[in-house]
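First subunit A sits with subunit B, and in the next complex the same chain sits with subunit C.
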Partner chain A sequence: MKQFLIRRLLLAILILFGAAFVIYSIIRLMPADYIDVATASIKELTPEMKDNLRKLYGLDTGIIEGFFKWFSKAITGDLGESFIYKKAVATVIGDNIWYSFFLNLPSTILSTLIAVPMGIIAAVKQYSKTDYVLTAIAVIGISMPTFFFASLLQRFLCMELGIFPFSGMVDARADYQGFMKFLDLVYHFTLPILMFTILSIGGTMRFVRTNMLEVLNADYIRTARAKGLSEHKVIYTHAFRNTLIPLITSLAGVLPSLFSGAMITEQIFSIQGVGFVSLKAIQSGDVPLMMGFSIFSAALMLIGFLLADIAYAMADPRVRLS
Partner chain B sequence: MGNKIIEVNGLKKYFPIRSGVMQRVTAHVKAVDNVSFSIEEGHTLGLVGESGCGKTTVGRTLLRLIPATEGSVIYNGQDLFKLKKEALRKIRPEIQIVFQDPYSSLSPRMPVGEIIGEAVREHNLVPKSEYRKYVMDIMDKCGLMKYHIDRYPHEFSGGQRQRICIARALALKPKFVVADEPVSALDVSIQAQIINLLEDLQEENGLTYLFISHDLSVVEHISDDVGVMYLGSLVEFGETNELFSNPMHPYTNALFSAIPVPDPTVKMHRVILQGDIPSPANPPSGCKFHTRCPKAMEICSQVAPNYREYGNGHFCACHLYEQ
Partner chain C sequence: MEDKKKMNLNKSEEKLNNAKVNAADTNDDEEEIGANVQIVTPGQLVLKRFLRNKLAIVGMVMILVLVLFCFVGPYLSPYGEFEMFYLDRHDPSIEYSSNETQSIDMSTLKINSKAPVSAKHLLGTDKDGSDVLTRLMYGGRISLIVGVGVTFLEILIGVTLGGIAGYYGGWVDTIVMRIVDIFLCLPQFPLMLIMSSIMINSNIPQKYQIYFLMLILGVLGWTYSCRVVRGQILMFREQEFMIAAESTGIRPSRRIFKHLVPNVIPQIIVIASMGIGGIIIYESSLSFLGLGLPFPYASWGNMVNAVNDKTIMRNNMNIWLPPGICIVLATLGFNFIGDGLRDAFDPKMKR
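Moving on to the complex of A and B:
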């Protein structure tokens, strides 16, 4: 186990290095850099002044040189300073990460709690009306684009019925403090969480259904029935337990993505999470922030894979990590 | 005549074939077509026949693991097919089955002790305090080590797995066990061990077996009575010695002539059957065997022969003997 972890860690560092280089190159290859975007409206700026600004922001170097400049700092834990926020990148991410988390965690929990029983029921009653209805719901959830569904919800629930606030995180006209502020946050987050939940039910439900179907047709389920176990026991302790492995594995992989933000949703609902900030960084050519965000996402992804592998080994007695 | 523990009357199992856009039932695979037999308590009935003749389906429908289309199975005076689900569940421990494939029929994520003992606990067969010891005793009886109790199925060989399957069935103190080709997935040296184990256990516990196999030597060795199946129906049935010394049906003759004799000097008179086994979805008219029968007559393709007794409990369905 220890060996396995060390090996994976070394591999992760190597992957991160490669990913960082590719991402940096792509960012620097973008046609307009931060200086172009930031000074677009100032007509009096001469090219010399622009070059001076570039030097100031460290954008005057080639890709390789720039990358190693960034890398030599990053390896000491210094991700640089964001151009647009004028704050350390780590601080920007740290400030906004909790909004993303607060959006992702409830919807992940909710959608799992709803999707797993749905998947089990659909599999147990395969090809029945119940199955078709649940599958139809799942397909709608999978195929509905986020922006479209969000607009629909905003149109009906916010504008027509006025149940939820249109967007934003807090009521700008009321200066709530303490617990009231928290309640206001919850109120504003309800709709995005709801939307996220509905959209992610489909995938998990199909996943559970497929795995359950496979297991339900296995010979050892027949053995369980022959033992005279109750149908409930057959389905939950024998069949569902065996589908838990892929499920745990996939959920463990999802865990880090709770922090990584959702660009489209956060943008539509004006939630200042990691996704919102990083989109802004991309639009304005904020190299350090983009790098910080990308490396952060890549690291989360690698942690996710590692967690999935560990979860897999713990859930399946046949897998030993070595 | 002893006490009949199980009586099967006119058992039928048709699997629907669906086709077309609307998935309408267009035909049926007649996997089991009107099979009747009974087994005396403490006896073993061997069921033989080619692959796909419906032996396994008989075993499974018999125990209501798959629903029957028609017929009845009387176990100790109760019709298994008419029992309510809950009542059937209560009776399950008494009627057990050992499946053909010891690799796939064990839940991969359950320790052996749990596989064997789970249903024992569920049905409260032994007091809680004796439970673990009981499971270990059963394992010991079936030739497994006591320290195997916390291991998982993938840590065992095929023969050991089949012992786990047998221990699992036996832990429930059954009276009647369907052994569905319990040795066909194992190699010959292990086969003998498992057969001996089954025989010892039968003697000790007074078990009744329905032994399904395509291995005639094994069936001859273990069975008191033998039934021969062809395309979903019994074609011949009788006491083992009687049947093996005096096979009546041409199909039985052909099967028996294929038994290998461990003596190279003996000249074998093989009856080679022509063609393949017909589709059970569209069985031949009259006697189902007439398409391959070396002694087929004109009547065979038109009228199905009666399945009747020819003395000594020897049943047969063939026009050769009907006059």
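Moving on to the complex of A and C:
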């Protein structure tokens, strides 16, 4: 186990290095850099002054040189300073991460709670009307682009019916304090959370259904039925418990992504999470911030893979990590 | 695969025997036997199972209708993709097209923007005074071409690298899989945004930007098919038919692509049909953020983008609702087909 972890961590550093290089090269290929964007309105600026500014922001280097400059700092934990926020990148991400987290956590819990029973029912009643309806709902959820669904919800629930606030995190006109502020925040987050929940039910449900079908075809289920167990017991005690292994594995893999932002949703609902900030960074050419969140999300992915492997070994006694 | 073939052989043999018995009972006419024998190939079996799936049929119909709509529709539409419409300032009932305004004094005209649904413009006009229905057809071409093109590219890269990695194993495999690991942990959507903003500001002619866009999406998305192909080939290369192939002395490239890869084709077809939907969503999300194919080209994503104007969102649903529905229908159709194909190819699935 210990050896496995050490090897995986070393490998992760190697992969992160490769990923960082790819990301850095692509970012630096962007045609309009931060200086161009930030000084677009200042006409008096001479090219020399711009070059000086570039030097100041560390944008005067080539891709390779710039990357190693960034990397040698990053390895000590210094991700640099964001151009637009004028704060350390780690601070910017740390400040905004919780909004993304509180958007993702409730919807992940809710959608799992809804999707698992749906998947079981669809699998047990395979090819019935119920199965078709549930599968169709699931696939519609998968097929719905976030931006369109968000627009629909905003148009009908916010504009037409006025149930939810259109966007934003707090009511700007009311100056709530303490608990009221929290409630206001919850109120503003309800619609995005609802949307996320609906959109992510489909994937989990299909996953549960497929695994459940595989288990239901197994011989030990026939045995369980043959020895006269009630159908309820067969399905929930014998079949479902065996689908828990892939389910737990995939949930463990999802865990880190709770911290990664959702660009389009956060943009549409103006929620200042990681996704919102990173979209802003891309639009303004903020290289350190872009690098920061890219590496951050790459690291989250790697942690996710690792957690999935560990969870797999813990849930399934037949698997040994080596 | 092999098992299935054998099963079919057994089945057709059985039928043949039955037919013989029947034929012997009545008469010995050989043509009669031929009429009774029905040989079912594995492909036909898959097709039969696929056609029995109602949702898959619905998906097929949806895609067929959309393809006709996008590729035949424009020929039936009286308007062009970039054609704009103007109204006479004094008599708004007279409409001019941008094709005929050269001879008219522009100051007497105003753009016929956000026109309501009418017999002339079945879905009204958008903010720039173009016919929504016509742009919807042209926009769909982008989504469908990008969807299919990117999937093709992903499969091409994935199968080549996966095949090589799986066949050679060892350090080749290690290198390919590390590259896959790197690509897996790249933040896909942000990189797509960055790369398409590079594309938009580059001096690639607008006509060819769609190919660049496909390249971006394809290069970021090939890892899944690569992993699946590699896993399958690792399994197949240990089987006897590969020893046989090796003993004939053919080149490794032929061994990989003639003998190994064809065994993975069912998985590839399923991955491809399920992947197209996701790519259509990616492409339209890029367009929605204004980083897909640039104006004046229509795409479903940048047509939905009109919702950023809150008055359009509230009052002109004819502008943004149809393209959104089209995206959902296209994605839905491909997902249904993919689901159906997966079930049809799976020999374990019994009905």
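By our rule, the second predicted complex is superposed on the first by the 322 of 322 C-alpha atoms of A that agree within 3 Å, B and C clash if a C-alpha of one lies under 4 Å from a C-alpha of the other, contacts with A are read in each partner's own complex, and residues count from 1 in each chain.
Keep this in mind: contacts are C-beta pairs under 8 Å (C-beta built on N, C-alpha and C of every residue); 3 or more make two chains touch, one makes a residue touch a chain.
Because the structure is a prediction, the values reported are computed rather than measured.
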Subunit A as common anchor, with subunit B and subunit C clashing or fitting: fit
Partner chain in contact with A:I13 - subunit B first, subunit C second, else both or neither: neither
Partner chain(s) touched by A:L152 [first = subunit B, second = subunit C, both, neither]: second
Partner chain(s) touched by A:L113 [first = subunit B, second = subunit C, both, neither]: neither
Touched partner set for A:L29, first subunit B, second subunit C, both or neither: second
Partner chain in contact with A:P317 - subunit B first, subunit C second, else both or neither: first
Touch count on subunit A, higher of subunit B and subunit C: C
Subunit B versus subunit C as contact partner of A:A226, first or second or both or neither: first
Inter-centroid angle subunit B-subunit A-subunit C after superposition on A [Cα, multiple of 10°]: 70
Overlay on shared chain A, then closest C-alpha pair between subunit B and subunit C (Å): 5
Partner subunit A, residues of subunit B touching it in the complex: 63, 65, 85, 88-93, 96-97, 99, 101, 104-110, 118-119, 122-123, 152, 154, 165, 168, 172
Subunit C - residues contacting subunit A, complex: 54-55, 178-179, 181-182, 184-187, 189-191, 193-195, 197-198, 201-202, 277, 281, 284-285, 288-289, 301, 304, 307, 313-314, 317, 320, 324, 327-328, 331-332, 335-336, 339, 348, 350-351
Complex contacts: residues of subunit A adjacent to subunit C: 11, 14-16, 18-19, 22-23, 26-27, 29-32, 127, 132, 135-136, 139-140, 142-148, 151-152, 154-155, 159, 214, 217, 260, 263-264, 267, 278-279, 282, 290, 293-294, 297-299, 301-302, 305
Complex contact set, residues of subunit A against subunit B: 218-220, 222-231, 233, 238, 241-242, 245, 316-318
